[in-house]
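Below are two complexes that have chain A in common, paired first with chain B and then with chain C.
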Partner chain A sequence: MANLLNLVQNETIKVWKKRRFAVVLLILLILIPVFVYAQMKIAQNSAQKFKGDWRAELQTQITDNTRALGSDRIPEEWKKWRRALVQQLQYYLDHDINPRTPNAVTFTRGFMDNAVTLFIPLMVLAIASDLVSSERSSGTVKMLLTRPVRRWRILLSKLVTLTLYVSLIIVATVLLCYLISGLVFGYRGWGEPVFIGFQVSGADVNTSGVHAVPQVIYVLMQAGLAWFASMVVAILALMVSVLVRSTAASFVTMMAAIIAGAILTNMASSWHSAKYLFNVNLELTSYLQGTPPPIEGMTLGFSLAVLAVWAAAGLVVSFGVFTKQDILN
Partner chain B sequence: MRDQTSHHRETVLSVQGVKKKIGGKPIIKGVSFDVRAGEIFGFLGPNGSGKTTTIRMLVDLIKPTEGRILVCGEDVNRTPERALRHVGCIVENPEMYGYLTGWENLEHFARMQEGITHERIREVVETVGMDMRIHDKVKTYSLGMRQRLGIAQALLGKPKLLILDEPTNGLDPLGIKELREFIRQLADGGMSLFISSHLLSEIQLMCDRVAIIARGEVIAVGDVDELVSQADTYTVWQLDKPEEGHAMLAADPEVRLVKETEHRIDEALLAGMPGAIITVMDEDRIAERVRRFVEAGIGVRTVQRVAPSLEELFLRLTEGERIG
Partner chain C sequence: MKSTSWLWRGLGITSLVCTLLMMAGFGWALKDNWFPQAGMAVPKSAPPPSAAPGSLASKKELKIVAMGDSLTVGTGDATGSGYVKTAADGLSKTMHKPVRVLNNLALNGLRADQLLKLLDDKGYHNAIVQADIVFLTIGANDLFQIAQNGGSMAQGGDLSPEQLERRMPEVQTRLKDVWAKLRGMNPAARIVYVGLYNPFYDNPNMQPASDLLQEWNRFAHGLSVSDGNATVVPTYDLFESDIGRYLSSDHFHPNEAGYARIADRVVQALQ
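After this line comes the complex of A and B, so read on.
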């Protein structure tokens, strides 16, 4: 019986030679400079306005948001979010720390926060969506499954390969972000303090657990959470790829689920049971930031648990179906 | 060539009472046969008779609802990792990874089985004669090249049983001839071959024994020549005075005339023979009849023996079943 390492080597070569990872890198190389440019424009604007006085900038932001809180036309959920934001900004101001010094690490931090729900999952799907379905649509599955290897080992080798590439995507995103934005903003900022541990409870932000961590630690934590969320997306995509023969159908299904999650999250829904859906739990990094969760009662632990259950179910279905299904065409 | 001692050789593939239902519908209603070491075994049936489904069951792509399939004594569906070690196969088209080169494809499949060295890969590449283009991407290959690569892949693990599903599909006549010789060589080397086809002539040219499948059931297993002799071979006459010749043949007690609606000879063949008279008669009597025609002043343009078609054989076999 061929050992698992050989099978993983096979799968890794196939993904690589299909140039899937090259496409991911290319997307990053094109999009990150775009965001860097946008960020640079924002920085230039505020530099003009506040002449480099970040305290004044922060104060203006706090005043703006507080004023918005008085308005009747703003829905209660948004007010809650703004109230939390105001309290956080106030906390930074009180401790005399600039939450947005323009440097490469801060940019990376901001990028990861925004990328975790849509951008990174999209890149993961580029690799995960056709892992099994492409073998079926091209007919190579008939060669693959008629070799003296148990089917579960073949799927396991695909899963290991997927984990490898998901990890690579996260590492590549962080590294490219840092390297590209550093050209403009400078490569400093590793040790800058970031506050974590804001707890949103009801209308208030509980700051009793707040403590500062170096920004580099914060980015690592983000990367870890993004990896977890991406792995869940990858495993579910693998499942869809087992169930659906067409790569396009498999990609569209997963993409629809993820976009639906992003929309549901923004609806600040009063539909409470929606919090058990995997796609509204993907924004794990927001728990670090301390922004109010999309649905009340969601915590980091809760989201991790929900995602873990979805992933486990996805694996059970993938392996169950893949090892039993008849290959009819 | 048709080896009589093959009856005493070990059984490489044993299919025992296999049935398959798909979506509640019985697709395969009972298939049993044995393939022995070193024989070329044909699997003959029209399209849609359950040939491909059966082949897929032989290599664990489909699990049978009932029955067992053993390769060298190992159950294919229960311990595929052991049974399939002895099997090389191409199911339908030889589909390989188009974005890899031929060599990379072979390396890929070599890694899936223990003990296949680079030396062995070079060997099979040489065997199928494609050393020239082996480092090109497979998507640039012609169908014939893909077929060769597929066979190379199937041979990697030195299988005892090679399964080829309609191997002559898409090959030109020369390619078919080469393939036939190649298959014979493999069998002479002790390998068993299982070859499916919907053409009786192909099976006749290639195989020692045959199983015939129709509507999901094996209706006959046996020596190819014996089975074929059960159906009539036609003798087709073309004469310069067709009416008189027809009358003579009709009066002959040793000759049976076949009406136009009864025979199943290929239309394309008859199109080139206007006024052909189709008969069934003993081969040994032909020379005698030619002499009589000449004596009666009737010129003989052509006499042709036409082998029965698969359809013919089916009719005969299923007829026998009904009578018996």
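After this line comes the complex of A and C, so read on.
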């Protein structure tokens, strides 16, 4: 056990010294202000139009979406999405709750919803993709393997390290989002109510299970779900990193898979078996939001099961290959 | 070596805490999904302000709420402003005060019976209680669907004026109900009802319908007179002389020029 802890310490320090996490932080520090600025412009625009009357703004949003539902030019999938949105917004309006109070927590919530499919996986890959392959390309893996340590322990220590960094990345994203957007929107909003539990079934939204949670709890749940999705991405990246010698190849492979997933979720609603792919199931936070899933019949339980199976398979392959493979060159 | 050990301690503990936090969040999300609990009590928001009583001239700022059918949506206007925005801008210029369209709630294809139901919506309520002026167009779709004998819309040839005449009273009742409900929600607002025109004026078969639409407009005018704080803006004459110039390509809705003319009328009626 102490042996494993030492290995984890070694790995953690290695990743830190390679400044992988610093790169992630730098990306966040550059990109979040960009989004904050864009959001600020939107907020200014609507403040000018609605003079702070959020009810009028909400009703306009409902009317606009309802008008779009009447148009024949809009594809049926988009209509489904809009119909659910209209019903949700109407629920907020009926209960006299502003769904988007302007503050840092609301911004963080919106950012996390958008970041979970592409942005966060990308940052996870920055650390996960070269965890094994870099040792191979630089040759240090031989040093590592000549030590009197079982091979599976080495890989396990890398996996533990990866878990720690995935958690760090998500917490850092949430914190930086909050801290940076707070400069503009104010650091309030922890206790604002958010409605969750919208059940999308076909064209209708079932509101019987809807209940309100404080926004801070919502963000925590969001982060937890994003963390699970990121862990699956990390484990699969670790597998690819074991299989492929070049870091670039391993990064590109994973990135392609994730981007393909993002594209598929937008167009795969008629290809039903696509729901068994891991990359279509990454947007776990959408179940919290209550937006219609990309493919009919997907639920939180289903997505978690699919992701868990992929992760388990990824682990079997990684450990199987890493403990058996010959290290040449 | 010393610094590395401190780095490990800080990094290890921080990342462990983060991991536990993420696991807690994940667990909470699962629990909430499968075993939801009664949520937090929802706080009460301050109610929307009501419109101040008084004449339009005495108010500092005017809020407009528009509702009804595609005419109020502005369908057919390539610039997207319809008569509502243009009239608001025009009013702002002639009355020398800010005039704001608070909400345009109109939906394409809306009928009076549907509007009657929508008026119960919270969003409609919130908007209407604040309104100083209400723009309304409704009834055209009701009448059109009654007159239609299952023929195509663009032709106009399959429309039956006789049927329209026979069943017009039921639609008139609908308009009366909408009007009464609207007035009940906001006793102070000026209601501006934009009258109907005959988009099939150039079709000889449908010229008798013009008389019927006049009958409809007369009825609306009667409502406005008994209401006391309302105006019916006539539009039928705008489209009779050169119908092609003011109708959009669907031969049903006005185009930009048509909407601009309606907006002029609305501004004149409110001055």
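Please note the rule applied: the second predicted complex is superposed on the first by the 326 of 329 C-alpha atoms of A that agree within 3 Å, B and C clash if a C-alpha of one lies under 4 Å from a C-alpha of the other, contacts with A are read in each partner's own complex, and residues count from 1 in each chain.
The rule is short, and it goes like this: a residue touches a chain if its C-beta (ideal position, glycine included) is under 8 Å from a C-beta of that chain, and two chains touch if they have at least 3 such contacts.
Small disclaimer: the values here were computed from a predicted structure and weren't measured.
On the superposed chain A, the two partners chain B and chain C both fit, without a clash.
In the overlay built on the shared chain, the residue A:K142 is in contact with chain B alone; chain C does not reach it.
Applying the stated contact rule after C-alpha superposition, one finds that A:Q9 touches each of chain B and chain C. Contacts of A:H272 after superposition on the shared chain: neither chain B nor chain C is touched.
Of the two partner chains, chain C is the only one touched by A:L288; chain B is not. Shared-chain residue A:D326: touches chain B; no touch with chain C. Of the two partner chains placed around the shared chain by superposition, neither chain B nor chain C is touched by A:K41.
Rounded in steps of 10, the angle chain B-chain A-chain C defined by Cα centres in the superposition reads 160°. Partner contacting the larger number of chain A residues, of chain B and chain C: C.
Per the superposed model, the minimal spacing between any CA atom of chain B and any CA atom of chain C is 7 Å.
The residues of chain A shared by its contacts with chain B and with chain C are 9, 13.
Within the complex formed with chain A, the residues of chain B that make contact are 22, 56, 59-63, 80-85, 87, 89, 91-93, 95-100, 104, 108-109, 111-114, 153, 157. For chain A in complex with chain C, the residues that touch the partner chain are 8-9, 12-13, 16, 51, 53, 55-56, 58-60, 62-63, 66-67, 70, 90, 93-98, 163-168, 170-171, 193, 195-197, 209-214, 217, 220-225, 227-228, 287-288, 300-301, 304. By the touch criterion stated above, chain C contacts chain A in their complex at residues 4, 7-8, 11-12, 14-16, 18-19, 21-30, 32-34, 36-45, 48, 73, 100, 102-109, 121-124, 126-127, 130. Those residues of chain A that touch chain B in the complex are listed here as 1-2, 6-7, 9-10, 13-14, 17-18, 138-140, 142-150, 324, 326-328.
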